[in-house]
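As written, the chain order gives the labels A, B, C, D and E, with residue 1 at the start of each chain.
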Amino acid sequence: MPALWLLVLVLVIGIAGFIIGRQRAMRTAQGDIRLLHSLPSYYGSNVFLSTVIPGLLLLAVWLIAQPLVIQGRVAAMIPEQGLSDYGSLSLVMSDVRRVADGLDLAVERGALTPEAAGSIRTELTDVRARLGAVGVALGSNVQPYVLSAAQSYRAMSATGSLLMSVVVIAATIAGFAVSVLRTNKDFRARNAVEKVVLALLLAAASIAILTTVGIVLSLIFNTIEFFKLYPASDFFFGTTWSPSFGGGSELGIVPLFWGTFYISLIALAVAVPIGLFAAIYLSEYAGPKVRSVAKPLLEVLAGIPTIVYGLFALLTVGPLLVSVFGQGGMLGVGWMRGGTAVATAGLVMGVMLIPFVSSLSDDIINAVPQAMRDGSLGLGATRSETVKQVVMPAALPGIVGAILLAASRAIGETMIVVLGAGAAARLSLNPFEAMTTVTAKIVSQLTGDADFASPEALVAFALGMTLFVITLGLNIVALVIVRKYREQYD
Amino acid sequence: MNDIKISARGVQVYYGDTHAIKDVDVDIRDKTVTAFIGPSGCGKSTFLRCLNRMNDTIDVARVEGNILLDGEDIYDKRVDPVQLRAKVGMVFQKPNPFPKSIYDNIAYGPRIHGLAKNKAELDEIVEKSLRRGAIWDEVKDRLHAPGTGLSGGQQQRLCIARAVATEPEVLLMDEPCSALDPIATLQVEELIDELRENFSVVIVTHSMQQAARVSQKTAFFHLGNLVEYGDTEQIFTNPKDERTESYITGRIG
Amino acid sequence: MTDFTADTAGPGTPAARKSSLYTETTRTKRRNASETRFRLYGVAAISVGLLFLVALLYSIVTNGIPAFKQTFVTIPVTLDAARLDETGNRDPSDLARVTTFGYKPLVTEALVTALRDNGIAIPFEDEGDVEKLLSSSVAAQVRNTVLADPELVGQTVEFRMLAASRVDGYFKGRVSRESLARDRNLDAEHLDLADRMVEAGLLQTAFNADFIFGADASESRPEQAGIGVSMVGSLFMMLVVLVLALPIGVASSIYLEEFAPQNRFTDFIEVNISNLAAVPSIVFGILGLAVFIQFAHLPMSAPLVGGLVLTLMTLPTIIISTRASLKAVPPSIRDAALGVGASRMQSVFHHVLPLAMPGILTGTIIGLAQALGETAPLLLIGMVGFIASNMPDSIGAGFLSPNSAMPAQIYEWAKRADPAYYERAWGGIIILLVFLMTMNIIAVVLRRRFERRW
Amino acid sequence: ARDQVQVAGSSTVLPYASIVAEAFGENFDFPTPVVESGGSSAGLKRFCEGVGENTIDIANASRAIKSSEVEACAANGVTDIMEVRIGYDGIVFASQLNGPEFTAFEPADIYNALAEQVVVDGELVANPHNQWADFNPELPAEGIVAFIPGTKHGTREVFEEKVLLAGCEASGALEAMVASGMSEEDAEGECMSVRTDGKSVDIDGDYTETLARIDSNANGVGVFGLAFYENNTDKLKVATMSGIEPTTETIASGDYPVSRPLYFYVKKAHIGVIPGLKEYAEFFVSDDMAGANGPLSEYGLVADPELAATQEAVASEQTMN
Amino acid sequence: MNDIKISARGVQVYYGDTHAIKDVDVDIRDKTVTAFIGPSGCGKSTFLRCLNRMNDTIDVARVEGNILLDGEDIYDKRVDPVQLRAKVGMVFQKPNPFPKSIYDNIAYGPRIHGLAKNKAELDEIVEKSLRRGAIWDEVKDRLHAPGTGLSGGQQQRLCIARAVATEPEVLLMDEPCSALDPIATLQVEELIDELRENFSVVIVTHSMQQAARVSQKTAFFHLGNLVEYGDTEQIFTNPKDERTESYITGRIG
């Protein structure tokens, strides 16, 4: 039975379990819910969960384990020759799997009878062509040992999935039976259900860890590859970034980090005050009408695609800044040589980040109890004093979260930097100079034309990894500081 | 000497459609303690909050009528509610310490009103206020612990001390002793007595004894109406309205 | 008793205190000035934000509006049986053998005829040059019509065809006779011709629904490109994001804020989440390619994969905002629930969560907005480029068959050489924003219902 | 099973590939192929990830595949690769239509304007030039601002080798460098380094970005693809290089020096497996599409003079060596 | 009949470093009203919160010692605090209505405990509870108005009604009448009296009169110590400890 149908079956049994569990609980209490330990729906949910979870878990484990087990057994059947033909066992095995899948598909499409699929021989049939006809990609002609391995692979898989169906359904029914039997008016159904819910909550929280692991794994191999080709010390401490195709590139990360830091700083310098003041105004001063219009409008700023901001920086803000700070500009200072600059990108990025600060902070400020404000106003404080000295400190943890989120977005932003700040990596203090960021370079090296096995392309992964590690470090520091601060206060 | 400090005329308060205060006229004298009594939900807090315009902060609340402080209409457009509230301080019914240290809770008012020239003066104000709030001994060793970690009664006294620290001309106290033991109550009553020498105090209380002990004037509210207002002695010994009498003798609630 | 000092002198000098309420004391004046300033900062902040919004919207709308109109040529085309169906039996498979290259002369001739019939002189040596007035899509249009109804062969049928993008540009003011002087594609004479055609009623400008509902087109025919299919791609991606990111995000926030014991493990999760917010979006693309396509063997260019990647990218935003608003719910509410015998789970789901709802919705709005506008991660999972699929014909196909997304489409258009794509890119942004606002409205309305102070 | 051809790679090839894909979808019963962009490198990388349905069938590239990449491919089981050259991409210098008269350049002009080190009065010095007229009085006396492809672009390589290096030789700088004791190789490397004082601006984005920069900078000179220029003649004017005007003809004949070949690579193992793959490859190089009067050349592709041989190779599924 | 319902032995509570409850032993009898008295900040609320494990929610609070309910250790790992709290209900010192309607405030407990079979029964429970909380008349016309829009005393009675609605075996009441007028107080006291017939009630109060009126047993706390525990009559007429005497006669606070 295909896994999908099995899944549906398990769920159907589970839903039946819910109804039966609920009814049974009511029956044991003679229809008086006051005699039940928990509400009836908890009994139902308990049966549902106890029915579905063992089945689904088994199904998942089986789906992962079966191929591994079968692969191990099939691998033992591959002769020496296979290794020398293919160079490695894994390549043979991928071909075996592909042939096996192909046979399945051929049977499904009616190109082969099930018996024929089990008995065809390479000597008699052009298997590659037969499979190609049903749309299975094979790298080369099928070797006899590959075909026979594939045939045993199929046989074992068939037995395996039959066994799987039996075991999963058995587990489901067992879970169903046990939980229904356990259902009586004194059973602590709520506690049982809540334990499961808690486990689910924990599982949801753990997805963050899985994501991190996934990111590290998808970056690490290429990063190692990069460091084999390019000395780590030059990468971490080099102050020049100048990749070139012909080799001899200098790939120092320092100017990129400086650019990232500088641009984010300017973006935050724009977004934090504007966002905070907007949030304060919306939650403390504005009437409900203004608030219900202005807040969603500001949120539109977060939804405008970044490429629009990039073009805005390139076409509007850059020239505007040049006309003020450039040569012959309004200030006559001549600090700015071109429209693309740290200040341009920072300013525009700041605008994009306004709603990150304003909307979140507004919600948090709004959640501060009115009694706090009353207390302060009752002492003759003005509203601004109340905000600054009572409301804000109470809302601070949430606001810090919002600002950190904005900072994170600033670090991760690409298009605005590419169009607004330029592509040249530079170490300079002048905010009107063009610079670039780590993220922008990750994108450009990854989508560039260099040999993909060269350090110039692989550096994208090393940049990503380094940025990841550094922000991780910064986050740990932030956590420690926040903790310290909180401990002192309590 | 005992001039009229606050004079309210035809005050009406609505919460949305609910008519919470119905046409109340009352004069609050200077250097006098006025007690507001009446059954729960009759509008005492609501009326009290009118006197320093704290009702402004409730969206659904609407106040009508005239309230004069020293002859000036406090609902006049020219009046800055901030300045008004600095003159007319308030202790709320539910203690609401700021989520700050005990010290900062008290120092907050003096700081914003610039009552202290320097740190030493501020320290002095804080200590004095906490003493007047009868809570100094309990908190003197933990001035920098958060005010929210105090017991119910301690929070109430903290809020009294906080209100006193800004030295208002009129102090509105909404059941300031509800969570206090008899001794602490006594100390707060002494504070009220002391304040009366220079200022005017309005106190909401459910304790007839307390009203009789501390106040010179008493106002009895019932279902949003001011039923009777007069000298405390007269109200308690010889009430004119029979509702007043019933309440005092414990027959209506 | 000890708490009393005999200090009854009374604070402040009575004279100073007897100040009128109507006149502000200097200190109040100063404080009120600072109050006014503070308030002004707020107004200024919002105005600055809205000003930028207006500036952005203005340039988006002015640049993008022309994309919604298109120039069409309406002429009769004689579907010559001799050339389209040599066998003469109207067999569809035989008809299909004539390619668009075979149809092209047919259309060109039809145009020449139409011009002649209307008395418009053709100023070119080679009369075939008039074909440059038409979009290169017309041959396919005619061919598809014929394949759909073989009986039309031999008849003369009126077609409404797209005009070439430069002709269209001429009527939108983008192309002028001078600018064509050096253009290889079109001559000034073509424009004269176009003007005559307008007079003769052969050429008209009309609302272009295909821009909103159509699919992408290649670089050589911007007039045909539409954003509809990629809008459907975005829609399916957003469905995935909403269905996964919101529950997972809220669930992990609840765990971390309400149930997690203080230990290394939860610290680790916490740090991880805030760190994920700082991971560049393209890295999520790398992750998606490795995990969903290469490891899990999900199809390339599929909105399902795009949705999964964007889910991972959006989670930190939702988690951070949800946690912040859970934290802001006063403990007395939790106490009240626990006090009547609710479990912690119940107190959270019945009381705390509804109160935290505004923040959760804000996180969702911002997270979805970000996901809707994101291009970089899609680059690596094959959703950026030329993906001119048809509208998906089933829900499953909507998730699994190749598609692009609105921002990717806009990004591609913005890069294309023909200036006609420039207005389409902006027009696409208008549609993206309309899509975003429709999506947001539900959340905004919900959020307003949950907002309250206590 | 996947039933459409999946293509990824160069953004330079993308327009051509999409024109072909669109026509292919119109005229064949196969679904329209999916052509992703993302760069030659990323495309080849995915191409070399292995054989099978969850890998792409064709990689577009604006350069030939490198031997290290072929090895990486082989390591992942991608062995039989067909290389198809579709034509040439011309690289042109253009400036604002109404800007200064930048109409004729020599490689030496570009070198003198943009190189790190130039020869002035027989001395090798750090580039002191501020205006074009500083080193060539025939050029406008306007400040030097050039927008050249960033180092991620393949075009940059062509620019360096066919313009800067040539200019370096022509201006005598190469000679001076060698004379100063540099090895031939180092000198060539030095020739290709670009000044970093902001007069030469790297563009990591695409030609639309370069166009936008030139739009807002009257003195700017930018590097474009021929096709891009031809679509924007209303804003740009092109400059000759060594007296030759860039057109599809001059490039095809090899007179105009700055161009590069464009390719796509087909995974032979997928032919006969992914429906329409071979048909697409053949259609791409057919005379109807890639011929001198076909839609590709109409759009700006410089048709390959050896197209017939290419068609032959595709038809016979000829793989690399 | 008057068995021991709750028995506490050697209870210690720490807030961080503060030692708030020091080695308290006490037995709370079934079908009895026990009053906790003592000066503000002495630990009454803290101890009360130990009895239904509400201190679990305060991060810094640490409880030691044994507390048995019907002979079972409530701090045992196997004990589900939820079930415990359903049995041991609580009215908090600061009224904390849910930001929901008055009806939902009351109905919440019965709903989660499945006390009503249907809507009609639930309506009945709500009405009955509000009547017992002596607030029915005031809110019967606005059952669907928010509970947070009530006056201080009304909120307090709402919270009493809410606690009563779940029919706990033990009801802990932290100053339940602090914001109530004498009549309302009387009604709540009558409720307590009525509850005593079947259940056990613990009440914290600052009013000696109230303690004397409603309780059979009284515990006197001072600075975290349980100074004296005994029959109310005995405590009030013949206290053994001199601190108790001083407190009752109003000499220490």
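Throughout what follows, contacts are C-beta pairs under 8 Å (C-beta built on N, C-alpha and C of every residue); 3 or more make two chains touch, one makes a residue touch a chain.
These are the chains along with the protein names UniProt gives them: A = Phosphate transport system permease protein; B, E = Phosphate transporter ATP-binding protein; C = Phosphate transport system permease protein PstA.
Just so we're clear, the structure is a prediction, and the values are computed from it rather than from any experiment.
Novice: Please find the path from chain B to chain C through touching chains that uses the fewest steps, and give that number.
Specialist: 1
Novice: In the touch network of chains, how many steps separate chain D from chain E on the shortest route?
Specialist: Shortest path length, in steps: 2.
Novice: Just to be sure I understand the contacts, which chains border both chain E and chain C?
Specialist: For chain C paired with chain E, the chains in contact with each are A, B, in label order.
Novice: Among all chains, whose Cα centre is located farthest from the one for chain E?
Specialist: With centres defined by C-alpha atoms, farthest from chain E sits D.
Novice: By C-alpha centroid distance to the whole-protein centroid, which chain wins?
Specialist: If one averages C-alpha positions chain by chain, the most central is A.
Novice: State the pair with the higher C-beta contact count; candidates are C-D and A-C.
Specialist: So, comparing the two chain pairs, more contacts are at A-C.
Novice: Averaged over CA atoms, how far is the centre of chain B from the centre of chain E? Could you give it in whole Å?
Specialist: 28
Novice: Using CA atom averages as chain centres, what separation in Å is found between chain A and chain B?
Specialist: 56
Novice: What whole-number Å value describes the gap between the mean CA coordinates of chain A and chain D?
Specialist: Using C-alpha averages as centres, the distance is 35 Å.
Novice: Let me have the rounded angstrom distance from the C-alpha centre of chain A over to the C-alpha centre of chain E, please.
Specialist: 49
Novice: Could you pull out the residues of chain B that touch at least 2 other chains?
Specialist: 82-84, 86-87, 94, 112-113, 134, 149, 187, in rising order.
Novice: Could you say which residues in chain A touch two or more other chains, in rising order?
Specialist: Residues 190-191, 311, 370, 382, 385, 446-447, 490.
Novice: Among the residues of chain C, which are close enough to touch at least two other chains?
Specialist: Residue numbers touching two or more other chains: 31-32, 35, 289, 343, 355, 379-380, 414, 454.
Novice: Can you list every touching chain pair?
Specialist: A-B, A-C, A-D, A-E, B-C, B-E, C-D, C-E
Novice: Show me the residue ranges of chain C that touch chain B in the complex, using the header's touch definition.
Specialist: 1-5, 7-8, 10-12, 14, 17-18, 20-22, 24-25, 27-28, 31-32, 35
Novice: Within their complex, state which residues of chain E touch chain B.
Specialist: Those in contact with chain B are residues 15, 37-41, 45-46, 93-95, 134, 138, 149-154, 157, 174-175, 178-187, 206, 208, 247, 250-253.
Novice: Considering the complex alone, what residue numbers of chain B touch chain A?
Specialist: 52, 54, 57, 81-87, 89-90, 92, 94, 96-100, 108-109, 112-113, 146, 149, 159, 162-163, 166, 168
Novice: Which residues of chain A touch chain D once you look at their complex with the stated criterion?
Specialist: 91, 94, 98, 105, 129, 131-132, 134-140, 242-246, 248-249, 311, 314-315, 318-319, 337-340, 418-419, 422-424, 426, 433-434, 436, 440, 444-454, 456-457
Novice: For the complex, which residues does chain D have touching chain A?
Specialist: Answer in residue numbers: 1-3, 10-11, 38-42, 44-45, 48, 50-53, 61-63, 66, 68-69, 71-72, 77-80, 145, 150-154, 156-157, 160, 189, 192, 196, 198, 201-205, 209, 212-213, 215-217, 269-270, 272-275.
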